[in-house]
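Multiple structures are listed underneath, in structure tokens.
You will see two complexes here that share chain A, one where it goes with chain B and one where it goes with chain C.
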Partner chain A sequence: MGMLSYYFRKSLTVCKDEVLVLPSRVAVGVFVVTILVLPLFSQSPYLLRILILSSIFAIFAASWDLLSGFTGQMNFGHALFFGVGAYSAALLNIHGHLPPWASIPLGALGAVLTGLIVGIPCLRLRGTYLALTTLAFPVILLGIIFAVPDITGGELGLSGLSRLTGSRLWDYYLTSVIMLVSCAVMWKITDSNTGIIFHAIREDELAVRASGINTIRYKLLAFSLGGFFAGISGGLYAHFMRIAGPSTLEVSMSFTVVIWAVFGGIVTIYGPVGAVFILFPLLEFLRFWPEYRTLAFALVILLILLYMPEGLFPYLRDKLETQCPRCKIRNVAKRKTCRICAAPLN
Partner chain B sequence: MLLDIVVSGLISGSMFALLAIGFSLIFGVARIVNIAHTAFYMVAAYCIFFFTQRMGLGSIISMLLAIVMVICLGLLTYRFFIEPIREHEAAVLIGTIALAIAMQEVMLLIFTGDFLSVPSLVGGFFSIMNVKIFYQQLLTFGAVVAVLLALWLMLMKTRLGLAIRCMAEDREVANLMGINERLVAMATMGISVGLAAFTGAVVVPLTIVNPFMWMEPLIIMMAVVVLGGLGSLKGSFLGAYILGFTEALVVFLIPKGAFLKGSVALSIMILVLILRPEGLFGIAFEEER
Partner chain C sequence: MPTDFLTVEGLSKDFGGLRAIGNVSFSMGRNEVIGLIGPNGAGKTTLLRLITGILKPDSGTIRFKNTDIAGKKTWDIVGMGIACTFQNMRPFRRLPIIANVMVSCLSPRAMKRGEWVKKVEAKAMDALEFAGISDMALEKASTLSQGDLKRLEVARAIATEPELLLLDEPFGGLSPAETELMAKSIKRLHKGGRFGRLHSEGPAMIIVEHKLQQLMKIVTRIIVLDFGTVIADGTPEDVVNDRQVIKAYLGQGGV
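Moving on to the complex of A and B:
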């Protein structure tokens, strides 16, 4: 009992001193709580459907950020992992009669394998070459899928997968919890030693090699991690929509994920997640003017890029918070002195 | 069969060559990866459709008008959307994707998503060994060769060409030598978009016009550029014909080849890249930092 109250008091202190002092941390907390309690206020199936799809695509966008944002391996064919995850989950479910809890992780492992297969030729490429080459991989797979319609369903795709869970509400909780957990895991990975090495590979790969770090291993690790999370989102998507079709592999899918991530701000896992939760519902609510929807989407992205090329969330964060020049701790922008070391902030 | 392959390979190869050289040119000079390149080609095709079918203008005049209009559009978008974000490589990629999508949507609004077609410039065909060769195909091929020659002369013999080659080699030194970097980049963008528009103009009688026609050539064009080496015009030219003939071979020789043509062409690109990461004629840069 004593231990319990100790941990309770400690978490309150952490909450007061570390979370409530910074607007960005408060925002993340509010976001998590809102996601979890939202069904108490509205259970409209349409709203839940939009949020489920947002959660699935949030994992997808964050996994792109983990691979391309952090290591700088610009992947323009991220739909490959999504599609492989969706198709292998569908094949395992329809032909292997596996339930979703087995087919989704196995599909994600298939995506990891694809990540390794794709990553090995990509090791020698960098920058624009890499971006343009990776664009080719989903297109190659798409051609193969169209060529063997007996197994893959061709243009119609594989339909009739089993449902994720019994009801819309449980689907919502399953996907949103998986989204929160996997985004937290990705955030943690990028915060660890591995994440620092990923950063360093983006900034200067030669220097990282010179420091005695096996960059090949870390690049392949980034490809498999990105593939794993994208594969999970692909499997969830296939089981939620109950169809795995060629649209999961299309070029526009690869482009959309890049748009989400860059809109939200790369090299921050939270940026792409937030961007999906803003842009995806926005696109749905613009359905009252279906002809202008995509045009408005494109124009919003162009304007955002012109005024905040770093992405929306880093821009907002920089407006709200400043970094202490002495101890590198973040502070609210309106403070005159640092909250830890009391150095003057300018 | 053989002749079919040759004709089809030459036509698609020439089209890819024109697109890829335009794309390569602006990448070499300004380091801009212009994903919207093929969208300009689509806009040019629509302009020609509009002028010939709706306004009733002659084919040649409408082609010229279309090219001029697309060049203006290209320069305007460059000035207002691409130039301010040129320093951020990722932002340029996204910006040009968004531009392409915006153009696609505008065309969708104006002309709806119907499949449209434009009559060919010259009718009729002759046949050799039971293979029909349309005069339009010959004309397309001839026009492409002429434009490529003109472009080569421009790059090699004029002062602007010299400036463009300088910029492609080393931007900073070119700037130090008194070359107006912004002006040359603008001029190159004009030429590059003009090439895309010209491709649209010569290809439009042979294909179907619809707002999504920019996606398919985009992938192959990028494969061509990567295969030949980024920024290398010779590489783009050769790579275009390699991939053009590969596609033709796959379509005519393999059952269900039409589905696999893209896959085989892209696999060849990847194989070449594994052997030579900088492409056929690319220069291996000393770690650009």
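Moving on to the complex of A and C:
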């Protein structure tokens, strides 16, 4: 009992000193808590379905940011990893009779392998050439899938996968928790020493090599990590929708993830996640006016890109917080002095 | 006369039809500090890039500590103990200055060394301290002045604790006072010893520089390149009085 109250008080202190001091941290906290308690207020299957898909695509968008945002390896064919994750999970589930808890991680490993395979030719490419090459990979895989319809289901895809869990509510909790954990892990990676090297590779790869770092290894690591998390989201998608079809590999899939990431703000991880939770429900909502759906969607994106080129969330963050000129700690914008070093903020 | 430390033999590199380095041979000892001079476009930067593996030679060998390193990967060469700076500085602009140096500190060579301190930030900080820009550690690299960027280049290079340091115009764009400071740092570095958590091996050096006066005070030997070939190699006194060298420089409009 004493232990319990100790930890309770300790977490309250952490909450007060670390979370409540910055709007961005409060926002992340509110987001996590909302996700976890939402079913107490509504268990509408339609709402849960939208949020489940949002969680799945949030992992997908964050994984693009990890690979392309951080290391600058512009991947315009990220659907490849999503599709490989989805199809591998489906094949393992349908032909191998593996349950979701095995087929999804194994599917993600398949995506890692794919990441390594496509990463090797991508090592020598930069900029537009890299973008165009990556664009081609999912198309190639689609060709292979259509070539062997007996195994892959061809145009129709593979359907009849086992459900993620027994109920919509458990599906919701499973995907939400996997999303929160995956995004936390990705954020932690970008915040580590490895993340510094990823950043540096984006800035100047030659200088990283001259610093004694094996850039091939780190770029392949980025491809594998991006592939892994995108593969997880693909596997979750296949099991939730109970189908893995050619749409998972479509060009529009690859572009949508870029739009999400750019809208939310790249090189942040949280930006793409937030963007999916805004844009995906918005797109569903616009379904009520089908004739204006695409137009309205495009307009929203255009406005954001014009007025907030850094992306929505970095823009909001810079409005609400300022960086201390002396110690570089972030502070609430309305403060006069830094909360750590007491230097004046202006 | 070949040495065990660094021996370059018959090194050549063409860019299309242009012969940037043609049949260059020289060798240096573990404790030498060599000045590499020559008119613009003589091939000095190219020679350094061949040694660090940024460029692959068309022919010739580069032996470093009895291993042929010609054409090896840059990170392996850095791992063996050669570090370089860039003439036109190449910082990671959007990263804080300390993170710029942490990248070098995260290289396998730097991680293996430093018997009792493994902490990356601390070591990076000491490299910045040595270069004299530790007060700016948290600023973005894009905010640095020309002179401070030169120092950042040096800090990054020494963070791998090299045995051979290749400096490409370390005084370029520096004021006379800054040049003086940089020259002092270079001499101190060559003496070796401990700078905080950073250990200097007292590296041998090849310094490319156009400011000959300051260069002469540091180096014990000068190699002169012109059109990609060595036209003189000797003590500073010998070289400044060499007819061919005078001609190469005068033909270019003098020093």
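Assume the second predicted complex is superposed on the first by the 338 of 346 C-alpha atoms of A that agree within 3 Å, B and C clash if a C-alpha of one lies under 4 Å from a C-alpha of the other, contacts with A are read in each partner's own complex, and residues count from 1 in each chain.
Throughout what follows, a residue touches a chain if its C-beta (ideal position, glycine included) is under 8 Å from a C-beta of that chain, and two chains touch if they have at least 3 such contacts.
These figures come from a predicted structure and were not determined experimentally.
Residue contacts after overlaying the shared chain place A:V26 against neither chain B nor chain C.
When the two complexes are overlaid on their common chain A, residue A:A184 makes contact with neither chain B nor chain C. Contacts of A:I197 after superposition: chain C is touched, whereas chain B is not reached. Of the two partner chains placed by superposition, chain B and chain C are both touched by A:L206. By the touch criterion defined above, A:L156 reaches neither chain B nor chain C. Ranking chain B and chain C by residues of chain A touched puts B first.
Of the two partner chains placed by superposition, A:L169 touches none, neither chain B nor chain C.
Applying the stated touch rule to the two superposed structures, the overlap between the chain B and chain C interfaces on chain A comprises residues 204, 206. Taken together, the chain C residues at the contact with chain A in this complex read 52, 54, 73-75, 78-79, 83-84, 86, 90-96, 99-100, 102-104, 106-110, 120, 138, 156, 159-160. Within the complex formed with chain C, the residues of chain A that make contact are 193, 196-197, 199-200, 203-204, 206-215, 327-328.
Those residues of chain B lying in contact with chain A across their complex are 27, 33, 81, 84-85, 88-91, 93-95, 97-99, 101-102, 104-106, 108-109, 215, 218-219, 222-223, 225-226, 230, 256, 259-264, 266-267, 269-270, 273-274, 277-279, 287-289.
Note for the complex: chain A touches chain B at residues 74, 76, 121, 124-125, 127-129, 131-133, 135-137, 139-144, 146-147, 204, 206, 251-252, 255, 258-259, 262-263, 266, 291-292, 294-295, 297-299, 301-302, 305-306, 309.
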